Amino acid sequence: MSDAMTDPLLAEIVGPTPGQMLRRRIFGHQGLLIGGTVVALLVLVAIFAPLLAPHDPYAQSLVARMKPPVFLGGTWEHPLGTDHLGRDYLSRLIYGARVSLLIGLVTAVISGLIGSVMGVCAGYFGGRVDAVVTFLINVRLAMPVVLVALAVVAILGGSLTVMISVLGLLLWDRFAVVLRASTRQVREREYVAAAQAIGASTPRILLAEIMPNIVNNLIVVVTLEMAHAILLEAALSFLGLGVQPPTPSWGLMVSEGKNMMLFEPWLVMIPGAVLFVLVLGINLMGDGLRDVAAPENRS
Amino acid sequence: MTAPVLELRNVVKTYSVKQGLMGRPKPLTAVKDVSLSLGRSEVLGLVGESGCGKSTLAKILLGLEAPTSGEVLVDGEALGAQDRLKLARRIQPIFQDPYSSLNPRKSIADIISLPLRVHGIGDAASQKQAVREILDVVGLPSRVMNTYPSQMSGGQRQRVAIARALIMKPEIVICDEPTSALDVSVQSQILNLLGELRREFGLTYLFISHNLAVVEHLATRVAVMYLGRIVEEAETGELFDNPRHPYSRALLKSVLTPEPGLGVPDTQLGMAYPNPINPPSGCAFHPRCPLATELCKTRAPRPVAQDGGLVECHLYDPETEMFEQA
Amino acid sequence: MADRLLTVRDLVIDIPVGGGTLHAVRGIDFELDRGEVLCIVGESGSGKSLTSLALMGLLGKRIKPKATQMDFDGTALLSASKKTMRGLRGARMSMIFQEPMTSLNPAYTIGDQLMEAMLLHRDVPRSQARARAVELLEKVGITAAESRLGQYPHQLSGGLRQRVMIAMALMCGPELIIADEPTTALDVTIQAQILRLLVDLVREMGMAMILITHDLGVVARVADKVAVMYAGELVETGPAKQIFEAPMHPYTRGLLRCIPLPGKTKRGSELGTIPGIVPSLVGKVSGCVFRTRCGFATEACRGDIPRHLRGPQAFRCVLDDGGLSQEKQEVQA
Amino acid sequence: MFQFILKRLGLAILVAFTVSFISFSLLFLAGDPAAALAGETASGEDIEALRHLYGFDRPMMVQYGDWLFSALRGDFGESYYFKLPVAGLIFDRLSITMTLGVCGIAFALLTAVPLGVAAAIRPNSLIDRVALFLSVAGQALPSFWFGLILIVVFSIKLRWLPPSGTATWQHFIMPTIVLGYYAMPAIMRLTRAGMLEVLSSDYIRTARAKGAPEMRVMFKHALRNAIIPVVSLAAVQMGFMLGGSIVVESIFALHGAGYLAWESIGRNDLPTVQALILIFAMFYIVFTFLADVLNAWLDPRMRSS
Amino acid sequence: MADKASGTLYAGFTKELENVDSYFNSSREGVVMQRALWDGLIYRDPITNEYKGNLAESWTWVDDTTLEFKLRQGVTFHNGEPFNADDVVFTVNFVADEANGVKTQRNVNWMKSAEKIDDYTVRIHLKKKFPAAIEFLSGPVSMYPNEYYAEVGPSGMGLKPVGTGPYKAVEVVPGQHFVLVKNENYHDSPKGQPSIEKVDIRTIPDVNTQIAELFSGSLDLIWQVPADQAQKLEQMGGFTVANESTMRVGYVSMDAAGRSGMDPNPFTDVRVRKAVNHAIDRQAIVDNLLKGKSQVVNTPCFPSQFGCAQDITVYDYDPAKAKALLAEAGYPDGFETDIYAYRNRDYAEALVSYLSEVGIKANLKYMQYSAIRELNMKGEVPFNFSTWGSYSINDASAMVSQFFKLGSLDDARDEQVAADLDMADTSTDPATRIEYYTKALQRITDQAYWVPLFSYNTNYVFKTDIDYTPTPDEVLRFTTMSWK
């Protein structure tokens, strides 16, 4: 039997499904795999913090303050030593992962909701809606984030809730910018016109036709903004206007350790390094996701 | 000609266009007072250069844009007054770019069944059955239902787009350059399919194209558009055998058929296509027209009936002195 | 032998891709004499553009073309130094691209871009380059040429830009022009104008041209010689008249049948088709690549494919007549 | 072009007004400024008197109007803490912040643009990977931590650089690096992406087809186009940097405007904080405005429209 | 580089002064500057606590509300203006006028006016009987040049201070540094003659940076160094680390009067308050966190203050007892509350941790002092870790009477205590005063209205070639410093 006798259409459908392609790209992307692994590990650490932490992160022992970590001559009782109140540093780091990830995630969700709605509306409806959203983005970008966040936290008092609300209300700009652009792009696609011609309602078009095509961009921005929020929280906590002690936040740990930085540098190095690794992991993951899921938006 | 299923009466569409990033918006009249009618089972070919307003016209017919003034009638009913959903059952589009007209994140079954779901026709099972049937009609095996557009070739995608357009059995299909993105060998497949479907389902097409050879092959009537106006409209044979408007003549001359030795024709057209924001005075075609006179620069011609068609040129208007020269 | 300008023997272009090697162009041969117009015609993905870029040495760092011979007027293009190639490009061989909208640098004026090639290759003062630019702009039918020099590309329409591109290619009076789908992005009426201009200029200046297109209509009207390309191979070559009047390869015949001819094809009749799609060229490719879409395909098509000569016309097929007799029988039956 | 500038200016002014209103109302909700003003020993009556003296008992819109009108004339009121005009207070410190900002952006541009270009010329090469790593690491590096590490290494261990203050140019080296490194990744990525995009564009192929040497293609044809968005980004980053210099200034004890902002927040010094938010926002607005104008001038497509 | 050879002493300040004019700032650093740049009429020896004449040669009480001073002759201000009765009259009348807005009114609002008798004799009239007048005149009340001050006012004085003190200010760059040089014409003051030629005081907010500068040699002296760092510096050697106690007392106040609207409000129950007292290991905090000369304090005042009895009711650290008391009060599982704090976040954290061990979940609200104070005055703070420095006044009235006399900051609102304190504050008889202070303190501790915590200390760290002995009043005196 000759090749020509076989169904030509059979021969034609050889390409992988979008899902297969995605999987193939994911597993071929080093940065994504490394970043994803780091983030996954830290997420697991956060989830299983009570099982992993050797001590109660809040239990202080004023007679066992600033014990050095095991690699600097400490004991395995406190593998990473103790802080200025004699609390187990490792346990605080482990619980700190919860704080950082929680802040990152919830902030990204809040700002993501605000920014996506604005961006998608601006991109889809254009005209006046777009003008208003663009103006709001401009206003938001003009506000110095750190300063405004500091001021608000100083006014309302620092707590996890305040922190998350403030960051959530401040960090929506990138969502709006990116989703506005990608919605505009998708909106020009003929399948949107086709759906309109079919008689599909605007919410249906937004949710069923446009959303699936911009969700990749959204996920990318979510990861990058998560990293941004985590860094900002750490910076604010470092400046003393972030989450309140005794909550084990990594930024706060750096801030507390800073006092003894010149004598016990590990107090600063350890939480700073963990923060760096987490944010690096999230960024690698975000960059990777962009390369993998929305390669057209690489910049 | 049978009773028109689709009629355009004095349709005007004006956009406000910004020049540059921040320039002052200017009015751009993309469609200028166009009247057209489409009989049942007719294929009206619409030809013209890019920017002449043919795609705007298509959008108006699909209800994607509202005309600035004028009326669109479907079976004698004004379009604006009709329910959008009702309209969607009667008129469906096939777009130019099969890569952009299918949502890449949806399976073929999802794409084709979307009209049924939007209109709430049948349950999941019957929708699936309908998809299977329509796939058969457009010559695709039902296996493709679970694949995605990215897995298909351009020709197959265009078949999917046709299947989506036909699943609700519309009367009218607006084909906006349906083959211009395809290779020749695939283009002929799609043209054949469109012909078959028309015969089988008694479809009416508005067939927009810049490829005159294709229009000649498929259309029963042809309308030639220039800068928002229909400058000539006639039965296909009549137009191709005896083009009247100088623009139609130039267009026909530009068709390069694979016949060796004929050389590249001289269209005798002036170079520049005018800026639609500042259209020329008088007859919009006069700057490019080899036969233009002083009169053409100042006075816009009016449509004149000619052998069952229309032409809009002073040369054919018995009331102007140029008539004699033609 | 006529005044041979270009000889290509067994040109191979392999492109490394994710899953292996894409054998984009496989062993093609052609030659071109001074003053001749060769059209390479093929559908998308046939490798015709890659061939032209290979001639110009513009394939990029990742892609290394191979050939037993690729000579331009005695210069071996593949072994020439970068400097030699730069000396040829823009001076003795020029190229015109498909997209006039994006092929001009938006940051510089038309004048700057026109003069650049001349200033690079010829030791002339700016004033002379400028004079030449004005002369050529007038030649390509642009009015008020002098004032156009100060304009930026975005101020020109597509047709005008393509004229500027043509003028730019002509600045140093090249011996060979490679035009890659120069009119595809343009409207029909403009297409005819530009093609006419190009052909006239080529004839007037005695240049050779390689025109790459997918449009058989363009080929028929412009070409002296035609090379039909399918999936990286030249399936048929020969003089234009012969190819159109007596196409031998099943693919050439199939293509011609697909096109409706106003006045010749019966209106609304069934057009010819070529079923299926171009096969993937990644991995091992052997035999006739058209066999998956060919009505006359047999087991033999998997093996080596002979090249048949009919005077200046040549085609590759296992059948001596390219299946022509079989086709006639089918029509009768 | 002129119309563009005018329109852009209008937008900038509108943004400035909105920001001024937000910053004013934000801090207006901060609680009783009179109590903050009165200090440790004041009685209820003292506070009441102060409230009246400073006009805190008037409606908010009146106070805003008042404040804005004065601010337009360069009068931002008197600092609660220093009892000195805020404008002078900020003006004194702005030069340090500006110096830092200019050095920072210069550092960022001087490292990011060459790296970005080099990375784009040879994608996936070693230099590309190094550049990518630097940018990814830069985005993940908490600047407060980075600053502390630099102090430990360069001031304490190596004793090469002074840890704090502004006396000499050496004092600015570490703050410049910390601040500039914050802006570097984005600029690097944009340069790289822009160069990659431009290098794959048709007109670069045209330039090569003309026989232009590779260097000329890179710098004359490619960089000229790729750099346009970088100009905008640099301006935006400069705006962000000035607003974000709080952390750096507090680590290196630079008595600039950022540090004043942090201290003023701590002291509840309302007029100073309001003025600083407005001034930092104005910097951003002015820089982006200038960048847009510069962009329009660099890009002939916008220049002629 | 700072060293002995350069003759310049580089010192670090943490806090930026709002105004160098000593009447218009309220910080410790301001007091340091005040003692260096200006003189008071009287001087109190910080060691012996003996009052000596400074700008005044002698003083006498004319009556209960009038003091007469004989002024020292031949003293000139830094700008050459001679010092005489006009300067005293102007200064006193200026600062005593509330409208001029002296920052710490308490320092000056007991004076009514001053009156010139002759060029070198003045009288100061008091509003009412005020036994601490001498103490204040030897402390915060310093004399300004009348002509200059009238001309430039507080803001001018802040930028270019002029006094009679042992040092002159030659450069004032707000927020950055102050440069003082020795006053060569300094009068024969009990402060002694300055020895160090030049003092350059830089404002460096971060203690770490200060230490880094100390390491790199660009600072010679820093103070207010936290205990941990001071200890490390001492261990390292190469620096002199001196520790002195201060009068500042840390305490926790509770909403015993039930003003905060917390419902239920456990603090209205004396058993809960006692439980809180038992829950905190104050000695451990002192030993491990404050260190130095800090000590546990049992009553709401500093032990050296007149009338500040210590051995009344002492609550020892006994978490079991605390739990029992809580259970008895109906909170066997403890309760949740907010605890406010404005400084020493680590101490606050330690408190929170102790409280949580007995089941009291205290959410730390770390805020600006002014913000907490505002809330506190409205009675919205249920639980507050705070401190009080008593303006370094060695009298219990400076602390306990500030908080328990039904003022807006009084969370106990105990009329009995208020009445006793009133007796103690207004009596002139030391025995009566002691009796009533003791009575009040007894009730306060019995009722456990507060948890008095500890006294603070200050660490001074300086290069070994500097000779200096800090005093317990937390004032840095450049005059008593010298190079070895």
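Read from first to last, the chains carry the letters A, B, C, D and E; within each, the first residue is number 1.
In this text, a residue touches a chain if its C-beta (ideal position, glycine included) is under 8 Å from a C-beta of that chain, and two chains touch if they have at least 3 such contacts.
Computed from a predicted structure; not experimentally measured.
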{"item": "Chain hops separating chain B from chain A, counting only touching neighbours", "value": "1"}
{"item": "Chain pair showing more contacts of the two, B-C and D-E", "value": "B-C"}
{"item": "Farthest chain (mean CA position) relative to chain B", "value": "E"}
{"item": "CA centroid of chain C to CA centroid of chain E, Å", "value": "91"}
{"item": "Whole-Å separation of chain centres (CA-atom averages), chain D against chain E", "value": "40"}
{"item": "Whole-Å separation of chain centres (CA-atom averages), chain A against chain D", "value": "23"}
{"item": "Between chain C and chain D, centroid-to-centroid distance (C-alpha), Å", "value": "53"}
{"item": "Overlap residues in chain A, where contacts from two or more other chains coincide", "value": "9, 12, 14, 154, 258, 261-262"}
{"item": "Touching two or more other chains - residues of chain D", "value": "31, 148, 156, 250, 266, 268, 301, 304"}
{"item": "Set of chain B residues in contact with two or more other chains", "value": "153"}
{"item": "Touching residues on chain B, where the partner in the complex is chain C", "value": "49-50, 153, 155, 183-189, 191-192, 195, 210-214, 216-218, 236-237, 240, 250-267, 269, 271-273"}
{"item": "Residues of chain D touching chain E in the complex", "value": "31-32, 35-36, 39-44, 46, 79, 81-84, 89, 92-93, 148, 151, 155-156, 159, 162-166, 250-253, 255, 259-260, 263, 266-268"}
{"item": "Complex contact set, residues of chain E against chain A", "value": "206-208, 211-212, 215, 226, 228-229, 232, 281, 284-285, 287-289, 345-346, 348-350, 352-353, 356, 363-368, 371"}
{"item": "Of chain D, residues touching chain A in the complex", "value": "11, 14-16, 18-19, 22-23, 26-27, 29-31, 136-137, 139-145, 148-149, 152, 156, 189-190, 193-194, 236, 239-240, 242-244, 246-247, 250, 258, 261-262, 265-266, 268, 273, 276-277, 280-281, 284-285, 288"}
{"item": "Contact footprint of chain D on chain C as seen in their complex", "value": "56, 58, 85-91, 94-95, 97, 99, 102-109, 113, 116-117, 120-121, 152, 154-155, 165, 168"}
